[in-house]
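Next come the structures, one after another.
Consider the two complexes below, in which subunit A is the common component and subunit B and subunit C are the respective partners.
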Partner chain A sequence: MRQHNSNHYRLLAEIKSRIGRDFTWFPFVGLLAFGLLLVLTGHLLPKLNVRWGSPATLIELAGPPSPEGAIWFSLSVRDEFVIATTEDRTVLHWHVDAQTTEALGELRNYLKERQKSIFLATALAKRVSVSEPLVIISADSSLKYKHVRPVIYLLAQLGFSHYAFETKQPLS
Partner chain B sequence: MAQTDLHAFVKILQNGRPISSITMPLRRKKIYVSSSIKKELSIPFYGFPKKNILLLKTKKKEPAELVLSLPFEGLVVTDGETTQISPTAPLGTSFPMKNGDYAALHHKDLVFLVKIASFVKELEPPLNPYYAPKLWSFLLHDKNEAISLTVGLCGSLFLFVCICLGFLLRPFDAPRRLEQLDQEYILPFIEKDTFSTSPEALKFNLDRLNYIPPIVKYYRNYTHLMVGFPLENHELVYPSSISLAYKKNEEMKGKIASKENIQRDLDSATASSKDKGTLSIPASYEGSFQNKLLEIIEKFTQIQSGFKKSLASRRFVTQEYLEDAEYDWGNYFQEKTVLKKKKQMEAISKISVFGQLTNEEWMYDVGEKLGKKAEILRRHYDMLRDKNTWLSRDSIVNVYLPSSLTQASFLNNPNFDLLDRKIYLITATRVSNKK
Partner chain C sequence: MTAQLRILKTKKKLSKEQVYLQIGVLALLSIFIIFTYGFRIATLRWNLSRTELYIPSLVTEENIEAANSPYFISESSIAILFHENAFYFGNLEGFGRSLKSGDQKFYIPHIKEQPQLEELGTNLKALMGTVLSDHKLAILIPAANVDITKVIKVVDYLRSSQIFDTVILGGGLI
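Take a look at the complex of A and B:
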């Protein structure tokens, strides 16, 4: 009969004990993956498509694809504020009960800066694409007319005569 | 081995094989043997006289009670005394069960084993730390390593802080504006005439070493002047152009203000009337964004055409220009005092041994070459991008509203609360049957 205190039995018991324990370092591998995911979702993916991470939930409605080069921003409502998220992830906000377009000063400045760059590009190239003076509003489906109205009036003040609302192409 | 509180152990065997068991700490509870599967000790579909047979009553701090609810045969050991149980024993007889007491009872083919004892939990033997070291032990094995690591960490931290500070304090040289980009990135987006006419446009501000940035600045400032944005570099724009543009803007502002006043009066008159209402139309006062873009294109086409004609006139028509000193590096016009001193040098400088260009010729030649390069790149870029239609007068339609319009309001900064009042009134008339 094999002695229980033999080396073979001791090693076997130790290995059994070792592999029977939980491996406590695995969360670090998970954390590494989580970190990479954060970097990807936070920096890389929004650069590929501005619609990534947009807070607006769009209505599903078939329509032509958005033209390239248009000014894009999303509109959504949160905590009594209308939130506008621009292509470069600038978050602008104003109160939902804004009674004049004066409350939309941040959006006005942003659009003016965009206009400046389009004016300059047009002056240098002596041509401009039809889509560049277009504004595409990616409006959340929960928005009401009173939320969008100040934006429309502001666009008119700044001379934007062409604007469109973005929809999501339904899956067929 | 670690002992815990007293527990009741009950196990039922059928023909020697365990079929049901329960282990529970002593608390106020009754343990039944049942033919239903819902009870803890269940023998499904077994033919008991009753559905639930009471076997054991347990209490928290008192002895448990074994109840003979079936005609059992066997033995009960309590306080070291053995009691033989025969099937003729009266039903409902009970026995107190303390720590260490047990019973073995037969009923037909079933054996009931009952014991009151402490629950013994087997402790896991300690693991050899060689196989499962502590979390950070792979970094630090002994004291010497800890010292080395600490020193290394301090050194690394110092270097890291220095590098971070270096990054923070370094001058920000990333391009922020269009003119700060390298030439290859801007060229496809500039029209060739913009380059060829740049000496005429920039004059003193022409910089042959850094050709493109002054051009971009010039067009930016002139564009700002046209659309009413503040100027960034006044020296690039003619003072006469500034004063003309300001005068035009002021006139336009005055006209808009007077028309706005008329519209406001009409709106207030409509607001005070109960029977009337107006539609509010978001409108642009000084033309749309698209109109302004087209105006810019047309204006710069005219300006550049003027530059070309001016140059042609200067070269071939006006004799005085030919007698002038030629353009020198960095100077479009030269001062008269300097001219005399330089005349002799210029005569020598015009001798071209290898047919090289003069400074003035170079000035235009650089513009022409950059223009041609830009045109090639632009064509290549146009081939790569999607087919896109360019904005033209045909692609837009302007709708003009008269200032005395009473049916609609063109104020583009109205008070939304005032606009909604009429809508509330309309809702009220629809709700009320009397009105």
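Take a look at the complex of A and C:
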């Protein structure tokens, strides 16, 4: 009987000790979730920078700021191909020697779609702007004019009236 | 003996947890700092600008009233050929008749492959004074192998120096 009681008390003491142990880890899970929420709402709500990750290296040149809502894509050269990276990170490419707009079929389709969506948004918003849509080309500094020329021809064929080359504002 | 053992165990346990607590707090703070910097980089807007160019539209008798632009390309419009070695410029009439003849064309060579923009500007201003045209429109025709950075710089110079309001990029001539 004494032996039985002793075992019982030992078991009770063990349970007490286990229950009494501080679980110090659980506030960290809450803290982690709270912190992540804070960081995400603080930084991701202002919208991701669409230019982030663009393969084009730009030249420094002062000028008017790039407007919101323009059609943007970057142009760069890699392995005998001209690479166009769009805002939604779609990668389109054609051969560097392409001098006609026929080779730029993918870019043509992309620009047509963007043009259509901008016109639809303009119609739904009941506003008219003669200067829209502006096409902004973020051209890599390694490009030659012959790489960009077919793109300009394509813009003319699609009825764009103006476009712009993106530059980096000097720091001073 | 048992009490001492338990005190020792408790002490050990408490001391261990304190270390874990500090490590945990430091690790969490580090994660937040890394996330904060990471997201800031991803959301920070770059200070970007633009150099704007125009694409001419064909005006016919049917749509001449719809074309609301004060700029028209005519024989007196200024054309600038941006070759790898020099600028050739003059009015479009001169280039239209014969590209190789020296009539009504001017020439400014690059020095050490650098385009002489100031000299081009001075000469263009002088030429603009003689041209019977009230519009400030230039047609820039770069050669195929000219760097795009140089093209952008020339366009920016022509516009920022207020020699021209509108610059059109052309191609195919050289």
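Here, the second predicted complex is superposed on the first by the 120 of 172 C-alpha atoms of A that agree within 3 Å, B and C clash if a C-alpha of one lies under 4 Å from a C-alpha of the other, contacts with A are read in each partner's own complex, and residues count from 1 in each chain.
In this text, a contact is a pair of C-beta atoms (placed from the backbone, for glycine too) under 8 Å apart; a residue touches a chain by one contact, two chains touch by 3 or more.
Quick caveat, the model's predicted, so the values are computed rather than measured.
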Considering only touches as defined above, state whether A:155 meets subunit B (first), subunit C (second), both or neither.
both
First, second, both or neither for A:65, with subunit B first and subunit C second:
second
Between subunit B (first) and subunit C (second), which does A:146 come into contact with in this model arrangement: first, second, both, or neither?
both
Pick one for A:101: touches subunit B only (first), subunit C only (second), both, or neither.
first
Could you tell me if A:133 is touching subunit B, subunit C, both of them or neither one (first, second, both, neither)?
first
Look at A:120 in the shared chain and tell me whether it touches subunit B only, subunit C only, both, or neither; answer first, second, both or neither.
first
Should A:36 be classified as contacting the first partner (subunit B), the second (subunit C), both, or neither?
second
Identify the partner contact of A:90: answer first if only subunit B is touched, second if only subunit C is, both if each is, neither if none is.
neither
Could you say whether A:14 touches subunit B, subunit C, both of them, or neither, answering first, second, both or neither?
first
With the touch criterion stated at the top, can you tell me which subunit A residues are shared between the subunit B interface and the subunit C interface?
21, 24-25, 130, 146, 149, 152-153, 155-156, 160-162
Subunit A to subunit C touching residues, read off their complex:
21-22, 24-25, 28, 31-32, 35-36, 39-40, 42-44, 46-49, 51-52, 58-59, 61-66, 130, 134, 136, 139-141, 143-149, 152-153, 155-156, 160-169, 171
Once bound in the complex, which stretches of subunit A touch subunit B?
14-15, 17-18, 21, 24-25, 68, 98-102, 112, 115-133, 146, 149-150, 152-153, 155-162
Complex interface listing, subunit C residues touching subunit A:
13, 17, 20-21, 24, 28, 31-32, 35-36, 39-55, 57, 68, 142-149, 151-153, 155-156, 169, 171
If we count contacts the way the header does, which residues on subunit B are in touch with subunit A in the complex?
125, 127-128, 131-132, 135, 178, 189-191, 193-194, 215-216, 219-220, 222-224, 227, 229, 282-284, 286-293, 296-297, 300-301, 386, 388-391, 395-396, 412-417
